[in-house]
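There are structures below to look over.
First subunit A sits with subunit B, and in the next complex the same chain sits with subunit C.
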Partner chain A sequence: MQRSLFARQPSVLVFISLLAVFTIVITVLSEGFGLGLVSTSFVKILGKTLCLCLVAIAMDLVWGYCGILSLGHFAFFGLGGYMIGMWLMYERTKDIVIASLAGAELPPTAEEIREGIGTQIFGVVGGSEIPVVWYFADSLFAQLALVVLVPGLLALVFGWLAFRSRVTGVYLSILTQAMTLALSLYLFQNDSGLRGNNGLSGLQNIPGLTHLPQSVVSVWFFLASAFALGAGYLVAAWVVSGKFGNVIRAIRDDETRIRFMGYPVEAYKLVVFTLTAVIAAIAGALYYPQAGIINPAEIAPIASIYLAVWVAIGGRGRLYGAVIGAATVSLLSSWFTGGQAPSIPLGFYTIDWVDWWQVLLGLGFVLVTLFMPKGIGGLFDRLVRKDAA
Partner chain B sequence: MTALLEVTSISVSFDGFKAINNLSFEIGGQELRAIIGPNGAGKTTFMDIVTGKTRPDEGRVRFGEPQLDLLRLSESQIARAGIGRKFQRPTVFEAQSVRDNLMMALSNDRLPFAVLGYRATAKDADRVQALAAEIGLSGELERTAGELSHGQKQWLEIGMLLAQDPKLLLVDEPAAGMTLGEREHTTDLLRRAAETRAVVVVEHDMEFVRRLDCKVTVLHEGSVLAEGTLDHVTANSDVIDVYLGR
Partner chain C sequence: MLRICLVLIAALIALAPAHAQEGNLNTVLEAYRANIEKPSRTTITPVLEALVESQAPGVAVFLEKWREKELWQRKSDGRFFYVSKADGGKLMLTDIATGEEAGLADAAELDNLKPNSGVRGVIAAALVQFQLSDPDPERRLQALTALERDANQSHLSILRAAIESEQDPAIRTRKERLQRLLTIKFGFDQATRVAAIESFAGDPGVDARAALNPLLATSIQAFDAVPEGVNVARILTPGRDIEADAAYQLLVDAGKARPIVPLAERKQALVTNIRDGRVGGLPVAELVTQEARDRAYLALAADGSVPPLVTADERQEAVAGHVFAEVYAEPDAALTEAAEETLADINGTVGVYRFLDLALDGLSLASIYFLAAIGLAITFGVMGVINMAHGEFIMIGAYTGYVVQQFIPNYTASILVALPLAFAVAFLAGVALERLVIRHLAHRPLETLLATFGISIALQQIAKNIFGTQARPLTSPSWLDGAWVVNDVVSISYIRIAIFVLALVFLGLLLFILNRTRLGLEVRAVTQNPRMASSMGINPDRINMLTFGLGSGIAGIAGVAIGLFAKVTSELGSGYIVQSFMTVVVGGVGNIWGTLAGAGMIGSLQKLIEFFNPSNTLAAQTYMIIFIIIFIQFRPKGIIALKGRAAGD
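Moving on to the complex of A and B:
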């Protein structure tokens, strides 16, 4: 009667295998560990893309399966990035300060070091005091815990308030956008304690590993991202493949009915919302060390909307759909907006893709919604059906 | 005999309109009851109150032994306490298989973390088989519920309610849109269900109520107009005036 996860979801095995092959190939081709055919910057792009795929899985879980169109999951992604960024920046600055004070006649006191760090980090926002939110910034372990705890608690409290008031549908979407906007506006302020619009930078330099070249570090992060994506995919597949998955799909399709069957709908929503917020935060914590910088613009409401677009294009309610959507659109986006796409001269006008990519994306979104409501992932259904016939 | 459900003097109004007006109602542990009444008599509102969807302005609703105060419980708590409700429109989860629909309805622990760790036992599988046989869907277990006919969806929904193993079953217009054969099957299902539990059927269709052959409560303007056998209430002059006479 009871079948294993792979038997219930054959696509999981296919996905994990493909991910493993892809990871090995890129590692072998990388500059840091092999043939040097794939540049360090491209390894970083791929590693970041894997993180975006992971947050897309979270989005698919909350929207595609549970029917909660959250337009705020990128805020959790960003918060995860901030939490790990604080440790990266603090420790690295500490190393720099200690090195610069090393020439002095007397060994520096702890007070002097703290002051040096404060000036270094917060000089740009006109301060030298280390804000209280940085209290744990010297502990990697604490900041790793905060990667999970801060976005998790925010999602828990926000979700509890929203779901218990039975806020659903488009109203909930608006509420999540409001939360995202408020968070981003708060972080833009200089006295938020997180360096205002400067954000946190230099995150690609990993304290304690500065002797290693970026070509090596980039592969490590690429591997960590691939591992996280694989693990996240397995967790999500496990969650959606059992009875829990049936219940959240039932919540998506008819909330009232499942409530009258005795299922506490709000509790389920809260579990899914919080779990996906934590997955998003972990993805963010892996993404930003590869990006090197995080600032409040990353949390702008539009980022969360893009996330929904990726999942819609890739195919909601199927985990590989989310991955396909996030990978395709984000890679295309960086290709088009990175200036690599050749402009199209029309004589009277030149189509410059940096400007026109948005139009193309919007058009693609409309076309997918109209003609492929199941997204790109829906194409696989036809393949499978053809095989069966 | 103590009543399973005891509704005492409830009233509720929406924007000044009194949907339920000082209504009292009782039903015993193993009883089949039909509630009839013209549109706007308060039949659906009555069900909404018992299932926790609507809160009455005044009155008491007590259920079971020991007596639970339903007005203090949420919809899902009431459902878990043993009240099942079937809506007028057949609402099954169309994207999922008949088996999954029944599995979800089985009276197991319904809290998220328990469900997350749930593994189907042989007992549960047998129960699903038995229910499918009862509702005549044994051959359709692996089919997607959305592919079923209208009547089959109604039965699946009744099967899901039976799977919940409620002490009280509230059924809203089960016969709507059914063929004659389907109606007979539905009547059998409901009568069998009422052998072990209380079943309340809200219905417009007199012919169907006659088939159920049970005690009838007539509602009008939010309160009970008459109660008794179908022949008894249809002979009542008040009932003829407001309902049948038109």
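Moving on to the complex of A and C:
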């Protein structure tokens, strides 16, 4: 039975090679490292899309393979962004404060620098004290650890509570949605210590790398995102292909039967839930330095539902489906809402896609659910079957 | 006192025909002509006193005209008249005392007397005593309102005099209450003031608290020894009741201790004393800690170039050597004691009323949640379907109400039309959604959830495209404006009462439909066992469709109700959807009583959390949701759980 991962999951090899080719092509065409045919802002869009694909893989793992429709995975994504954002913003502000105090007659004390940073960051919410949650903000390694630890622990505690009391199905979806809402409402407060609805900004400026132009930094982040996506795909493929994968798929199909067979269903679900939360957080930590800004609106429940929509359109229960769905919908969405799509004049009314894209998306999504339950990824099945026949 | 009253009564009777005692008023005016011509705040006091003394009829009218700048003086003989416009650009003169016409005159022959605002204020104060006994109750009330806003010591005796003659019991009560309030403030002897203070025990009125609180105003002062001869509220222990730094600052302010050199000034002193890159013997580059800076400063202080530092020991000693106390501004201890006790009593009463008010608030929020959630509970309970578009049905109802108001301008009629129409529109939308989408996704609850979410974002965007992003008003009829005010603490707006009534009506209606009608019987049968119901001749598809329509229709009605107090926007419904889910899940699925219990719990809990943290409703919602997540740990099936086979396990 012990075949190699690539033999069990033929899509892995195809996916990794396609991703590698895509990455190399974009790098060669980019402004920072090559011909300059692809603009810096488009490299950023592609890099962000890769991060969204990664969080979609996490969503597919937890929903498509394990049957837990979590409406909270974008909250983990956002938390990851907040954790890295704290370091980026703190260190960047520190550089600015030290530079502005350099001309003073007396060299600044450590307290004065801290006070300057506090005023710079928290003046907008009417404070100058640096809150406790920023304790580790001056250490990159600590914050990188928090990117994994904070969302991971939240998922672990929440999942433990939820699975322990056998909350399943739509109840669990609603409960995760409530968690997401609570988190975003909490972050919206000015005294949450994370700048309320202002969020964290200026994240595209990487401390220590400010001498590099954005065109170069954007390619680095693009490469990092591509690497993370490839690694995430491998991890997910490995998870779903072994015995563990069989068990979680069985939990999805008939939880009670698996419990009666003696498997600790709760533990399996908890592992998947926490693992995917961590993957989502890593994706978020790569996404927000490219986006430049994060605020609580990003975490709002609707974002997590969109995540589920991407996965459903792409095709659940197949990893490449999640990637296809996330890439297609998010790129289409930015194309339509960016005002680039041509309006359709109907004579009596002009369909402006900025206004009507949401309607198209919503109805399109209903149609996919009704008539293509396997999503776009389902089309590949037919291709393969035709080849075989 | 009594004499003035009697006179006032006499004056009241005599006021209407103003010619009974002719000449009296004119003589007084004649005597004080100079003062009236050029009045100032000080010179008109004797005039006003004399006028009041004279007890002449028409004094009130005179004072009013004077204040309103409607008094004229004839240049030739200096007599005063009222004037009115006559034919030919002439002015008709009216005698002040008799009210009879006194011939025509050109405008050039007369001067209009225009007292400045300070004088007019004094006149107005003198007028109060006439207005308080005015035959027109409306004007008496106006005078009282003016006094409640702004009174001085002189008004107290006037008010006391005016109480006796008061016939209207309501106005009399108000006058007496004001009299007691003014006694607290301006009373002459201790006993009456204490009595007045104590009479307010248990009174929740804001005015009572406003009268008592100034009596209890305190200031913190520093004394060399335990103070005597002042009304001490309490002695403060430095470090516990008052911070040591604040205590020291108090001593500095009182000139009893040397001021501390602030941090910023010390830094500035260091900067100005930099010599050749060194300050106080230390190289500037080394001054990167506060401790090093302090050393440099001490070195500077030692050679006298900067004011010396106040050491911590010195500060401690100074604070220890003095007594700090909160001292009442009011010197009379008996008064402050009575006020303290009365206020404590009032606060007890106010606490009880606050709780009552909170309970009312919670009840009204609960009825809103109930209305918003009950439709969801029906569809969720009967069909096991999560309808994410439920919030958009609420929105559809609210917009229906708005559109109806564009056609029917009468608000009462439009609401009466809007309620059934909103039900009908949302019912049809619900039936369409059920037939087109939900029916095809039977037994796939998670996909139903996502498909209805797709409907939800499409509907929201369509509403945005039609009605725009700005909020649309849904105006309530005027008889729903205002609030039912019990006292200064407890009040509830009529709209909220109406919503409460609406929620009750729907509770009753639903109970009736589900328990007493054929449809209800079939719905319950399908809820409990669809296949068995189907084999008994019930068409589950039809029941599902009707149930879904019913739930959606009620959401439409909830939309009209919510639109009355919230602005109608395309996001109206999505703001309620999570709360509605919470209500259903907490209450227990498939049970109207459960939804009621859930709404009651969530509504009152949210108000309770807001009560403890009133500045932060966001935090209240956060804690609320966390509480619900924990609650579901202990009762995963909600407060009222279905038992047996209907529970679906």
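By definition in this document, the second predicted complex is superposed on the first by the 388 of 389 C-alpha atoms of A that agree within 3 Å, B and C clash if a C-alpha of one lies under 4 Å from a C-alpha of the other, contacts with A are read in each partner's own complex, and residues count from 1 in each chain.
Just so we're on the same page, contacts are C-beta pairs under 8 Å (C-beta built on N, C-alpha and C of every residue); 3 or more make two chains touch, one makes a residue touch a chain.
What you see is a predicted model; the values in this text were computed from it and never measured.
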- Message: If we overlay the two complexes on their shared chain A, which of subunit B and subunit C does A:A178 touch? Say first, second, both or neither.
- Response: second
- Message: Tell me the contact category for A:D253 with respect to subunit B and subunit C: first, second, both or neither.
- Response: first
- Touch count on subunit A, higher of subunit B and subunit C: C
- Touching A:A308 in the superposition: subunit B (first), subunit C (second), both, neither? second
- Between subunit B (first) and subunit C (second), which does A:Y263 come into contact with in this model arrangement: first, second, both, or neither? first
- Task: Mind working out whether A:A237 is in touch with subunit B, subunit C, both or neither, as first, second, both or neither?
- Result: neither
- Is A:L146 contacted by the first partner subunit B, the second partner subunit C, both or neither? neither
- Task: Could you look at A:L361 and tell me whether it touches subunit B, subunit C, both or neither (first, second, both, neither)?
- Result: second
- In the complex with subunit B, residue positions of subunit A that touch it: 1-2, 239, 242-244, 246-247, 249-250, 253-254, 256-265, 267-268, 271
- Touching subunit A in the complex: which residues of subunit C? 267, 270-271, 274, 284-285, 287-290, 293, 386, 388, 437, 440-441, 445-447, 449-451, 453-462, 464-465, 574, 578, 581-582, 585, 616, 618-619, 621-622, 625-626, 628-630, 632-634, 636
- Give every residue of subunit A touching subunit C within the complex, in rising order. 69, 105-111, 158, 161, 164-167, 169-171, 173-175, 177-179, 181-182, 185-186, 188-189, 191, 301-302, 305, 308-309, 312, 355-356, 358-359, 361-366, 369-370, 373
- Message: Show me the residue ranges of subunit B that touch subunit A in the complex, using the header's touch definition.
- Response: 51, 74-77, 79-80, 84-85, 87, 91, 93-96, 100, 103-105, 110-113, 115-116, 118-120, 122, 125, 160, 164
